[in-house]
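Beneath this line is the structure, given in structure tokens, with notes to follow.
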Amino acid sequence: MPKIKLSQRTIETVRNICASFDNQEGELINVLHEAQHKLGYLPAEVQELVAKELNMPVAKVYGVVTFYSFFNMLPQGEFPISVCMGTACYVRGAEQILHELKRQLNIEVGQTTPDGKFSLNCLRCVGACGLAPVVMVGEKVYGRVSPQQVRKIIADYQEGLIKAEKHEM
Amino acid sequence: MEKIKSLDDLKKLREGMQAKIKLRESGNNAENIVRVKVSMSTCGIASGAKEIMNFMMDEMERQAIEAVVTQTGCMGYCYAEPTIEVTVPGHDPIVFGDVDKVRASEIIEKYIIHNELVEGILPVNYRSIDI
Amino acid sequence: MADYKMHLLVCGGTGCKASESEQIKENLLAEVERNGLSGEVQVVMTGCFGFCEKGPIVKVLPDNTFYVQVKPEDAGRIVSEHALKGRPVEDLLYRDEHDLPISDSKHMEFYKKQVRIALRNCGFINPENIDEYIARDGYAALAKCLSEMTPEEVVKEIKLSGLRGRGGGGFPTGLKWEITARSVADQKYVVCNADEGDPGAFMDRSILEGDPHSVIEAMAICGYCTGSTKGLVYIRAEYPLAIQRLKTAIKQAREYGLLGQEIFGSSFSFDISLRYGAGAFVCGEETALIHSMEGLRGEPTFKPPFPSESGYLGKPTTVNNVETFASVPVIINKGASFFNNIGTEKSKGTKVFALAGKINNVGLIEVPMGTTLREVIFDIGGGIKGGKKFKAVQTGGPSGGCLTNSFLDTPIDYDNLISAGSMMGSGGMIVMDEDDCMVSIAKFYLEFTLDESCGKCTPCRIGNKRLFEILDKITKGLGTEEDLSRLRSLCKVIKDTSLCGLGQTSPNPVLSTLDNFYDEYLAHVKDHKCPAGQCKSLVRYNIDSEKCTGCTLCFRNCPVGAITGEKRSAHFIDNSICIKCGVCYDKCKFDAVSVS
Amino acid sequence: MNMINLTIDNRPISVEKGTSVLDAAAQIGIKIPSLCYMKLEDLNIENKPGGCRVCVVEVEGRRNLAPACCTEVAEGMVIKTHSMRAIHARRTVVELILSDHPTDCLKCAKAGNCDLQSLAQHLGIREIHYQGEQSTFREDTSPAIIRELDKCIRCRRCEMMCNQIQSVGALSAINRGFNAVVSPAFEMNLDHSVCTYCGQCVAVCPTGALTEVDHTGAVIRALSDPTKTVIVQTAPAVRAALGEEFGNDPGTLVTGKLAAALRRLGFDYVFDTDFAADLTILEEGTELLNRLTAYLGGDQNVKLPMLTSCCPAWVKFFEHQFPELKDIPSSARSPQQMFGSIAKSYFADKIGVNRKDLIVVSIMPCVAKKYECSREEFSVNGNPDVDFALTTRELAQLINLANIDFTSLPDEDFDNPLGESTGAGVIFGTTGGVIEAAVRTAYEVFTGKQLERLDFTELRGMEGLRHATIDFNGLPIHIGIAHGLGNARKLLEDIKDGKSQFHAIEIMSCPGGCIGGGGQPYHHGNAEILKKRQMALYREDQGKAIRKSHENPYITKLYEEFLGKPMSEKSHHLLHTQYFDRSKN
């Protein structure tokens, strides 16, 4: 794992988050949520810092991070793309959409494009079954996506028509 | 906001609210206001309900139609999002589905102004318990 | 522009369309014109009325007359009699069970097919305005409990109502509350399980987005009954809108003093905070949920002790799901008998279902327990998309099973679904048509379970992996008949030995498809064929040289260059290169590509 | 007492409320097979995740099978432990485990001692019906412990020991589903973690997933090198456990056979770590008396309580977790290291061998000792004071390799000068032993009086945390004892908060002390074995002619000839050490 050095600002951010939950070990998941929200992902160094602040073993923090699929240890693309793999989406062709995304972006699930723009993931049901199949880019939901539309969605982001959310790291 | 400290407080508040709503809904003699409810659930928003809500507001304001546009939760017609419910004074509410800007303008031009129905009506097919 | 006096609404639902509703509309228009009513009577095509067995349907506004099984030739009478003379056409009216015609559709039995209790306010009120909730009797139940009822009386009422947990298990809610109430502890908790995870179920999200106060109110009532002052909502982080609405609602309730100290001037205090799920389906299981709320890995632990005795932080904890809570204020306001008069003997009240998949009216519905699958799928749901054949309906998510035609008339309740080899689950209903391969569906669910298993117990961790591997082998045409008996045997052991509900029910999709679609499995292992044509390894694409015009469209779109051929002469697919993506099949305008 | 009536395999039984089905069945001689479940009675150690599902039984009226370890008895329960359904399920579960296991049993370090292997044999498994992908992991070798997770069955015993019992927190379950496994943070190697190498994970691992680093090969090589003089020391707890490896009953003392075996293995001198234990008492005891005297003299800066420092896992523990307290433990090296240091100076000179040509091997009940002897400060110009530390189990392996029929060996004595020891040195192997040995000497030195009784029973036992007050001629000395690092943590927290009332505290990492060390013959969850080993050490002490460290004539001679007096500059250099803050890395 490549080591990264946290900036003083990031260290402060993480410390403040922990403090806002009274440095309680039981608030670990809330702390991780907040940290990922602010930082974009949870590298080892952030987990070590959280462990220290909450006075708990870092192995336990890592155990929690790897248990929940919501937490990422690698930086996501500027535009994280998630394909809903709920049943409704599945029977309405989510697999083809995923296939098309992989083809267009030339990456596999869990990877990020070399330019750092897009990452591709599968998602559990987001409960928008009425719109199946569903693709999410960041927090934006695209419903009734056809393989033909995939190119257009990617192009919108590639051409900078839609801006990304900025993270601290 | 005042705290509700007793059952009576609650009743008073409720009656006040109900009277207000009744006034709105009984249409013929009181507030002559068009009411539009936009289903703003995840599915609705993902299908563009927010844009439609803004569009309806702007458009009716531009045309000086007295209207209240509010958001509401999922109406259950996920297959036809965005959906809106329009209540013209003196008429039963009507739900329209698959509302895009074109249909929204139609709804204003034809239904709200001229009581002419337009495509996209979703007949209500359930009974909600009476309150 | 005209100012219409009358509207004729023609059902444009798929079912009705198939039975000539287009023609009806044409004829009605012609009749209106012929009678010189063009400026007064408007003919409109609408969405599905959800009453397909009686279609095509024509509804007349403003008097709400409801014509059923209308034929194109009836158009003349509807216009000349009803529109012109104001007399309803008797023989086209809907008739009730006593064969009496009903003219005003508001009185029609049909509308009782859907009764909205949990969803009573969804789509009615502005969820971000507490006043609108209060106007619809909001917080009246809490007020009634606090000022007129003892905790025991409230529990008794809930028990009497017959309400059972809507999250899947169906445990009697009143009993659950009673156990917590009886447990002695310095602190107790009320937890709302909003970690809705069944793929294809979204009722909890809809309720939280559309009527968050009903859940808050019910949690406070539960707190009052059980002696808890703290409530926690464990909600999926993937539901940002629901989280935001819930936060707003909690804030408003606090401002009104409906949460906080000494609610309604009583000695009862209660407040609610949120905990976020982080993408682990198993956290829907209550012990796992509690561990997750404690900041731990969401691994289930053995029960007993049940959370009602020892839950969050080791304290007695009542865990109920969103829909269960949403039903509670109604029971208090309208009485247990209102609720237990609806439904079947052992399953009372209504149940919300999320209809999805190959069905026309994808959406959220709420029906009394005991409604049949047929009514749900064909009447309310408007039947199968694209006029395809119904094959199965999957209920209960990854814990449920696939039910076939033969179960369509089974009244839906907890027990019937279990004896049919499925379960209620949280209420997702995914409809499948003839294009869906049931082996693939079973594999899809297994893959889900595999992803979501916590890995603590052997049968779920390794057993499901092996199940998946066998299914994968079958869908690739490499399975044997022996694999089928191996599947069944392993399924039984996994059900028998898994630690929590996730593992205990994970083989259900396999078992129910084995039971109901054995022939399809056999076709895969014996003939190496996928009857639905979905299993790519078992499919071959061919180009019919007679039909092929050599337009090169398939050649140009094939992603792997498996198609060869000269312009304007027949093309060929090299099946050793073909990846079975189906693009050629989709693109061909001459129907020359076939699947075998 | 609230009794519950139930039927197990058609036999009625009445047991106390709260009993598990597993224990209830055991009471009438029905041994339901289990795997992940482990309980060390009276030591408060229980692993009950209910995860393996091997112990499932059929309960009448219940929808599915019930795990016997987690299921409490209920009135009127009717249980079948060997119905077809239960047997089929049990066998399938074990087959599933085996389907994700390398099954390379013939060459596994745990062969013959593996719970999974015995279970498969017990259930008569001859075929694995469900084959498929196996989980594979990178092997991790640290200075003391090897993790071969391909063999892990996710029983979570190691995680439980590391967290609940030891409060070390080096290990945690990570990932989920088929990929779930127990690992240090970020799947790094153990030597990048806060692991103390206490080896309790190794002691409880049912399979070969966790084992000690094998040094037998290196020792054989040294023994066959004619240019080397190879000497051996053997820790007190080894003699109370080694016999188990050769079929002796737990608690059998094999001191004489042990010396004989070592001699037959070809060691040039067969010595005893107990000698170094006596030396430790003089150094550590003097240090304690110095601190006490200073304290009584009004010195505000003196650090009390003083903590023992014989246990390398404990040392690494406070270096990681309580670096701010690193001045409190005694600076005395452990007996193993004192021995090595004296052997490669005093003894090497005596026999005229260059330290480079002297190989010191130690036989330890411990895996952390492997790490301890590799610590840089315990070497001179890169040459370690102790070259190899073998576990009790490795010694058994060596004995087998050398074709020695252990049980028929005659009893022999240790060599001198480093083989003579007192009863005080012997009891170093059990919890409470070090402090009792220290008290025997400190009392007499401090008061100048002879002790009337040597058995301080108030310091003995198996309670995780114990305390006693010893009257030093009118001066009450408060003594605390902890075994298990989780218990130690509690005492340390008190010290940190300034709440500790103790003058001296003995800490041992392993439950029961060294008798329960990570390098001992496997106890397979039977706490009786540990208790019997403890009794054996007290027996050995009782039988010794000399039972106080300061009366060991060879110790006296060592001071006269070489060291001068306890805490002298020479002892400081050779027998004391310093500690490091490891919380940063």
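So that you can tell them apart, the chains are marked A, B, C and D in the order they are listed, and the count of residues begins at 1 in each.
Criterion: a residue touches a chain if its C-beta (ideal position, glycine included) is under 8 Å from a C-beta of that chain, and two chains touch if they have at least 3 such contacts.
From a predicted model like this one, the values you see are computed outputs, not experimental measurements.
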| item | value |
| --- | --- |
| Chain nearest the overall Cα centroid | A |
| Inter-chain centre distance, chain A versus chain D - centres from mean C-alpha coordinates, in Å | 44 |
| Chain centre separation (chain A, chain C; CA means) in Å | 27 |
| Whole-Å separation of chain centres (CA-atom averages), chain C against chain D | 57 |
| Centroid distance [mean C-alpha coordinates] between chain B and chain A, Å | 36 |
| Junction residues of chain D - those touching two or more other chains | 173, 175-176 |
| Shared-contact residues (touching 2 or more other chains) in chain A | 63, 67, 126-130 |
| Of all residues in chain B, the ones touching two or more other chains | 42, 45, 77-79 |
| Pairwise chain contacts under the document criterion | A-B, A-C, A-D, B-C, C-D |
| Touching residues on chain B, where the partner in the complex is chain C | 1-7, 10, 13-14, 17-18, 20-21, 37, 39-42, 45, 70-80, 85, 91-92, 97, 110, 113-123, 125-129, 131 |
| Contact set on chain D toward chain A in their complex | 163, 168-176, 183-186, 193-194 |
| Parts of chain D lying in touch with chain C, wherever the complex brings them together | 49-54, 56, 64-65, 67, 70-72, 85, 88-89, 92-93, 96-97, 99-100, 129-133, 153-154, 156, 173, 175-180 |
| Residue ranges of chain A touching chain D (in the complex, touch as defined) | 1, 44, 47-48, 51, 56-63, 66-67 |
| Complex contact set, residues of chain C against chain B | 1-4, 7, 9, 11, 42, 44-51, 59, 61-62, 110-117, 119-129, 131-132, 134-140, 143-144, 147, 202, 205-207, 209-211, 239, 241-242, 252, 255-258, 264-265, 330, 334, 356, 360-366, 380 |
